[in-house]
Amino acid sequence: MPYVNIKITDEGVTKEQKAALIKGATELLQKVLNKNPATTVVVIDEVNTDNWGIQGEQVTELRKK
Amino acid sequence: MPYVNIKITDEGVTKEQKAALIKGATELLQKVLNKNPATTVVVIDEVNTDNWGIQGEQVTELRKK
Amino acid sequence: MPYVNIKITDEGVTKEQKAALIKGATELLQKVLNKNPATTVVVIDEVNTDNWGIQGEQVTELRKK
Amino acid sequence: MPYVNIKITDEGVTKEQKAALIKGATELLQKVLNKNPATTVVVIDEVNTDNWGIQGEQVTELRKK
Amino acid sequence: MPYVNIKITDEGVTKEQKAALIKGATELLQKVLNKNPATTVVVIDEVNTDNWGIQGEQVTELRKK
Amino acid sequence: MPYVNIKITDEGVTKEQKAALIKGATELLQKVLNKNPATTVVVIDEVNTDNWGIQGEQVTELRKK
């Protein structure tokens, strides 16, 4: 029944990589807490680098440095 | 003042269906908790089926089965 | 498969009211989008009135006015 | 280490405005709680006006009134 | 820089289990997307079983069946 | 109409500091995007340091170093 939300920057993540994140997060919850994969939900949000900030700056700008 | 976030897969939801979700969620909060519709906020997120996992698999793949 | 998150202020919501929110939100998704209740997840967050702001003020203070 | 999520309607927000939101939120956490900007994360979500409701109505419709 | 939010029911999760979830999620992002652990944030929310619904019912009630 | 969610560790944040975060975030949205404070919502989540991870470790442990 767990719900996992993964937010990452939108920088060319492939369908296969997303599948690996979903599989890995579901297995992690099963291994650590014995949660049932049948009702484990994983949602991946891809965020534009203009919309993600760290250190007070947009990732778009940090990538240029 | 409530805030409701509805996450669904991005599979052709129409503007009218979104309006029905917003109206329905707002009415639910008013009916159950007497919350004021004027400040009830509803946000709908549509998520690509590659980015939504359940049972450790992408919905994109589950839809094919 | 939808995920619904309802955030409300923590002001004496009863177990029965929470059950009504969960039932109502699940039925709304079924009625509007034909979503399967078996995998519809609803999570309610109750937030202290000191931690909820609107109009730039804490709800705790707004309640006194 | 704080995480700030800002949800706004998707109505022509510029890259410069997003940078100002990121800078301002990071500075706010530093000023009020002495949080380290190096690990303060800000994520901005732009939401279609069809997907944002208040007063039980879509913002798209409210904008027409 | 990823942000991972794990929501689980509040049913006696130990500090060690939480540490394992944090370590596992951080390693998953590093393995799949080569993300830097130094800025990967993981937040775990424990939700009362009265506040978590699936199948239109509170987990508190489902646990009794 | 914006919605701002601020997640911080639960380490003795005072009511006055929360009020300052709410006021500051509301003013930021007004200044940068001319958003109406009357419908700007700010929600602060305080997270136990056992439940917050960075660098693959719990903040509880990082604080000891």
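As written, the chain order gives the labels A, B, C, D, E and F, with residue 1 at the start of each chain.
One rule holds in what follows: contacts are C-beta pairs under 8 Å (C-beta built on N, C-alpha and C of every residue); 3 or more make two chains touch, one makes a residue touch a chain.
All values reported here derive from a predicted model rather than from experimental measurement.
Enquirer: Treating subunit B as absent and keeping all other coordinates fixed, how do the remaining chains group by touch?
Expert: one piece
Enquirer: Between subunit A and subunit C, which partner chains are common?
Expert: Touching subunit A and subunit C alike, sorted by label: B, E.
Enquirer: Identify the chains adjacent to both subunit A and subunit E in the sense defined at the top.
Expert: Output, common partners of subunit A and subunit E: C, D.
Enquirer: Same residues or different residues: which describes how subunit A and subunit B meet, taking over half shared numbers as same?
Expert: Counting shared over all numbers used gives less than one half: different.
Enquirer: Give the pair among A-E, A-B or A-C whose set of contact pairs overlaps with that of C-F by over half, matching residues by number.
Expert: A-B
Enquirer: For subunit B, which other chain has the most distant CA centre?
Expert: Of all chains, F has its centre farthest from that of subunit B.
Enquirer: Any idea how many Å lie between the Cα centroids of subunit B and subunit D?
Expert: It comes to 20 Å between the two C-alpha centres.
Enquirer: Counting only Cα atoms for the centres, state how far subunit D is from subunit F in Å.
Expert: Taking the average C-alpha coordinate of subunit D and of subunit F, the gap between them is 13 Å.
Enquirer: By residue number and range, which residues of subunit C touch two or more other chains?
Expert: Within subunit C, the residues that touch at least two other chains are 1, 3, 7, 21, 25, 39, 41, 43, 52, 54.
Enquirer: Pairs of chains that touch, anyone?
Expert: Chains touch in the following pairs: A-B, A-C, A-D, A-E, B-C, B-D, B-F, C-E, C-F, D-E, D-F, E-F.
Enquirer: In the complex, go through subunit B and note every residue touching subunit C.
Expert: 1-9, 13, 17, 20-21, 24-25, 28-29, 31-33, 35, 39, 52, 54, 59
Enquirer: Mind listing the subunit E positions that touch subunit D in their complex?
Expert: 1, 3, 39, 41, 43
Enquirer: Over in the complex, which subunit F residues touch subunit E? Could you list them?
Expert: Touch list, subunit F to subunit E: 7, 47, 50-58, 60-61.
Enquirer: What part of subunit E is in contact with subunit F in the complex they form?
Expert: My answer: residues 15, 18-19, 21-23, 25-27, 37-46.
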